[in-house]
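One structure below.
We call the chains A, B and C, going by the order they appear; numbering starts again at 1 in every chain.
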């Protein structure tokens, strides 16, 4: 799949943002005053930047409001609702923290759950796609959630928790790679089943449908970046998991900031790979995956 | 759940529909052109049209991209810089025409042959030929010589018709269809419709082709033959059929010259024995005595000997029963195992004879014998350039017709059916006319069918009368001329120099020439006097093709929706076996540029030159424009370009006076007209009295002209005799051996020229091209939709060679022939003869042409095989370099090409790469 | 809206005959031509005359090489367009309701006025049947020519998809798969019509009719020679063959 920057930024930033909001909402940290303003602001900022980034991906963003209509069937629609609900619901909590209004925290807990729920809906946008076997398994939402929690924990300055989550994330990433690598084969689709010509024999491409490029090739059949996958996986793992975990052993803001930057960079790399490595079954028609 | 949106499903498609004829190939399908706000908005097939019955090919359905192409020429252009530099200035039509006249007029008055008028994808040859005849130059031909004259002439000389546009399988009834060497053909949609019918019925299709794509891909059985060996395969099939007695003796005796006698000895040796009235005769089985070949009740004895002369049948049988033609003897050369050849012969015999069908349709033959039924032999064949584009193609085409004849499948139900005005034997065609008299028209049409050496187009001194050396000892039956030799000969001044090259619709500076790079040089070469060797070039194109850059004067044509055209029974009509048909084009939209229909321009030029048939007595133009010509021109009394709606009342068909409302009548009728063949005349046409009478009534013959199929070709024998030293008119010595072999009166096979040598010299691999179904030669690439489908080509390499050289995806290969080398991208293909590489024809483009970006894949990666093909054969040590053509017809031998191939590795640019040609129209941006 | 209807009254779709398709690409440009002026936004092309052209097509024809266990390799042409799936994942993923499956005939359509161009439906389709138009920013897909098949301004016989009407070999058939007696149902039953990637759980409506068995010359009993020509000579052969008339 084409690793579009808008979608990578969307899912990474909003994931991290909602993670932080979850921690703030649940009162794991309860900042006040300008600290609260900055902290909540960071959470909201990441989430909103992410959401805005996602609209760059749209052909007709002016109709984006319509995306709220299909919550019954569409994870993307659900994500729209969940994100807005989360942002709205947590607003009073943030306000209360910032202005020391002392409003009850209860709503914050619901907001925290919703924030994680939002990340779950995001993850389901990908997980549901059967045509991309690498995504289509339960570890995908787990990965999104753990990424979100890890990022949130780091930004929430939860050294130990964040370090533990980093370790968990490492495990999940390994699982994702491990499972992901075998997914296409497990899905059992080949050029033969895609065309049904396996009933005759071994199928290979003779001629592409068109010699010119097209949307499918650009969007779904992204073979360019995969060459460097192994190297990138190591980098992603090091930056998103190992380095932050180590940095979090240190104390003080700089360590947190460095850990956050490292984790974010690693997350972006991992997310780039999430797309770039994902093979859509439509590639079978083109003899490319 | 919310409600579904309501959508408008009954939107009117357009303001208006105009019915005309497609032009993207010679198939000439009927189209419905939809106009919205005066603009073309949609094109679909005309369901009522006899050719395509509503369907369209990929090109036809994207015609809208052709009429809006940015590559369209916009105004007349005059060259102002060096030729080929692309320096042109726009001029007015008056200036353009005056310039053309100033060049042509002196030629007409002094040496008309110095104007050579050659037309390429011309669909108005009876008109352009008429113009050239009026001008008086012998140098006229259309593209047939480099295209498929072998197929046309091989058919005419054998059965009085051919595959191609002359006839087609009985798609409704045939049960076994064998296709030789066809990728697409002119009959594009009818073949596809026909194949669809066979498939729907579950009839069997067999493809004989080194390459398995397209039609051959859907064939039930594929014979991946070695190129150039079809003749051998076919004669081997005939061998098997004869050996087993599975031939239609009745058919052979009644309808072919199998029962005529061949003179065994003496000065007439090898000619058909004639009686005192100079008529051929047969020996009647009932009496054992000579009898007229066309006598009532006569039953020709195929086994007869008379005065020491034996029948054609015996000569034929003896020839092909020879063990030389046994499957085991030919298998290795053909690349087809002997048992498969035998199985194919058995299958042909089984279907032809065991599955014969009988139509309850009485008919009367030309001898006056009445038959209660028509016997159908549901085996049919079709063949095209895979056979004809080899230097043994004429004889191979003859062999294939012979195969049809021995099976009794020509002009019978389920077999192969001719389309009016065919059948038409050699005798019904003109002979070539070539004698020039300054200021006078030629005495008759340029192109024709030679009966013997006396018809050759030779001057008093024996030198060729025509610039292309058509109708000479080098290629006596060159019925379509040799367009591929035009520029090389004009450049070499052999046989003479010309002054003005007048070209219409032929991309001679690129894909339609052999050795394109050299041709480009020939077009720009200057002599010692500093003048161009070909002093003047006038060219009419509709688009910014590669050729445009090499003209001195460009006469920009309209596109096919902007002009009148006439698809006439006088040249290449749109008939069906059951109906004669012709059609028109008319301007369904007005041109938005300063362009004029070429045919109207020709008439204008003709009038300015004062050519007799184009001016009235007072010297004023006879025809207002081409539309006027189509309607009012009278070729022979009562006969004009169109057969429909003739006569003052518009009710006459075939023969009748001009009808001023004829064009409108055609338009109202959907752009075409059909005259239906009566039911009792629908088969056995060459021998069917009812057909002969109908054909006379409909103007195809002046008198009934029944004839026998020529298994033994007397015209060929006459040339062979000459080569043997008999007769007054003698060939040059260096051609004797080749004529003896090639002009064999019985179908024969010899290896394509240079084939064995080439293999020996280290060029072991055959290299072919195929037509893509979605592109028409060079001009599909300007079509925004088609070029996305096929914007570059690969050299397809069979598994064996792929593995041998260790090729990988993305690799390029160096492909080398005796004529040069090219470096091109390769791709692997498994369903391919193991000794053959190939590519799609004419995808490669010159940078800067066709209004495309210079980085267009067509111009960077795309390539032509033409650079590898020489227009001349190598010198065989006698100092002679003959043209790379069939020795009988002069057909360009495109497919004789042999190459060697080397791996280059990954690259992104094909070679040779020529500098961009300067643009005559701006580069295309967005599409309309 | 983007919930799928539990059932549809008809199941309109195409039966594509791979035994007959010659790969001529006529259906590709027939479709492009019709839809360039038909339902919804035009099918745009980018850099149409440039170095790297690209455009929206709703139907594309591929060509495959297939190597059977025995016999020579085959070339099989393969048109690919929307299969109008019963369990169309492209519909359920759509956040705006723009994608829907019609209850009356099962056609899967995009309501372009509601489409935000998020591309998710194209991701969800395993068959590559959806292309986001780069100029209009809306999702395009085969409409089964909904603006032809019910078009009362067209003659009855023309109320079929443009690609079906235009296909020169008649390899494309249009009809109602819910009616067992329809031409497409019968063809599919007779010829073993199959769905693509059934394991994807999309339940395609369109069927592909597989190529017939190739390259197995019917067990032809070879021609028996009339007689031994070597032994009896040409004259013997001639007598024998002519004696038969």
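Keep in mind that, in the parts below, contacts are C-beta pairs under 8 Å (C-beta built on N, C-alpha and C of every residue); 3 or more make two chains touch, one makes a residue touch a chain.
In this text the structure is predicted, and so the values were computed from the model without any measurement.
Asks: Is the way these chains touch best called a line, a ring, a star, complete, or other?
Replies: complete
Asks: Any idea whether A-B or B-C has more C-beta pairs in contact?
Replies: Ranking A-B and B-C by C-beta contacts puts B-C first.
Asks: From the C-alpha centre of chain A to that of chain C, how far is it in Å?
Replies: Here the centre of chain C sits 37 Å away from the centre of chain A.
Asks: How big is the gap, in whole Å, between where the Cα atoms of chain A centre and where those of chain B centre?
Replies: 63
Asks: Return the distance between the CA-based centres of chain B and chain C, expressed in whole Å.
Replies: The separation of the two C-alpha centroids amounts to 33 Å.
Asks: Would you give the residues of chain C that are in contact with at least 2 other chains, written as numbers and ranges?
Replies: Residue numbers touching two or more other chains: 1, 3, 28, 52-55, 57, 63, 65, 67, 74-76, 97, 114, 211.
Asks: Identify all positions of chain A at which a residue touches two or more other chains, and write them in rising order.
Replies: Within chain A, the residues that touch at least two other chains are 69, 204, 206, 209-210, 212.
Asks: List, in ascending order, every residue of chain B touching at least 2 other chains.
Replies: Residues 2, 213, 787-789, 791, 829-831, 857.
Asks: Inside the complex, what are the residues of chain C that reach chain B?
Replies: 1, 3, 5, 17, 19-26, 28-30, 32-34, 37-39, 45, 47-55, 57, 63, 65, 67, 72-77, 97, 100, 102-103, 109, 111, 113-114, 146-147, 149-154, 157-158, 162, 165-171, 211-212, 214-218, 220-226, 229, 234, 237-242, 244-245
Asks: Could you pull out which chain A residues touch chain B in their complex?
Replies: 69, 204, 206, 209-212
Asks: Sort out for me which residues of chain C touch chain A in the complex.
Replies: Those residues of chain C that touch chain A are 1-4, 18, 28, 52-57, 60-69, 74-76, 78, 80, 89, 91-98, 114-120, 122-128, 131-134, 136-139, 194-197, 199-201, 208, 210-211.
Asks: Give the list of chain B residues in touch with chain A in this complex.
Replies: For chain B paired with chain A, touching residues are 2, 213, 787-792, 829-831, 857.
Asks: Using the touch definition up top, name the residues of chain A that touch chain C in the complex.
Replies: 1, 57-61, 63-64, 66-70, 72-77, 80, 125, 128-132, 187-189, 191, 193-197, 199-210, 212-216, 218-220, 280-282, 285-286
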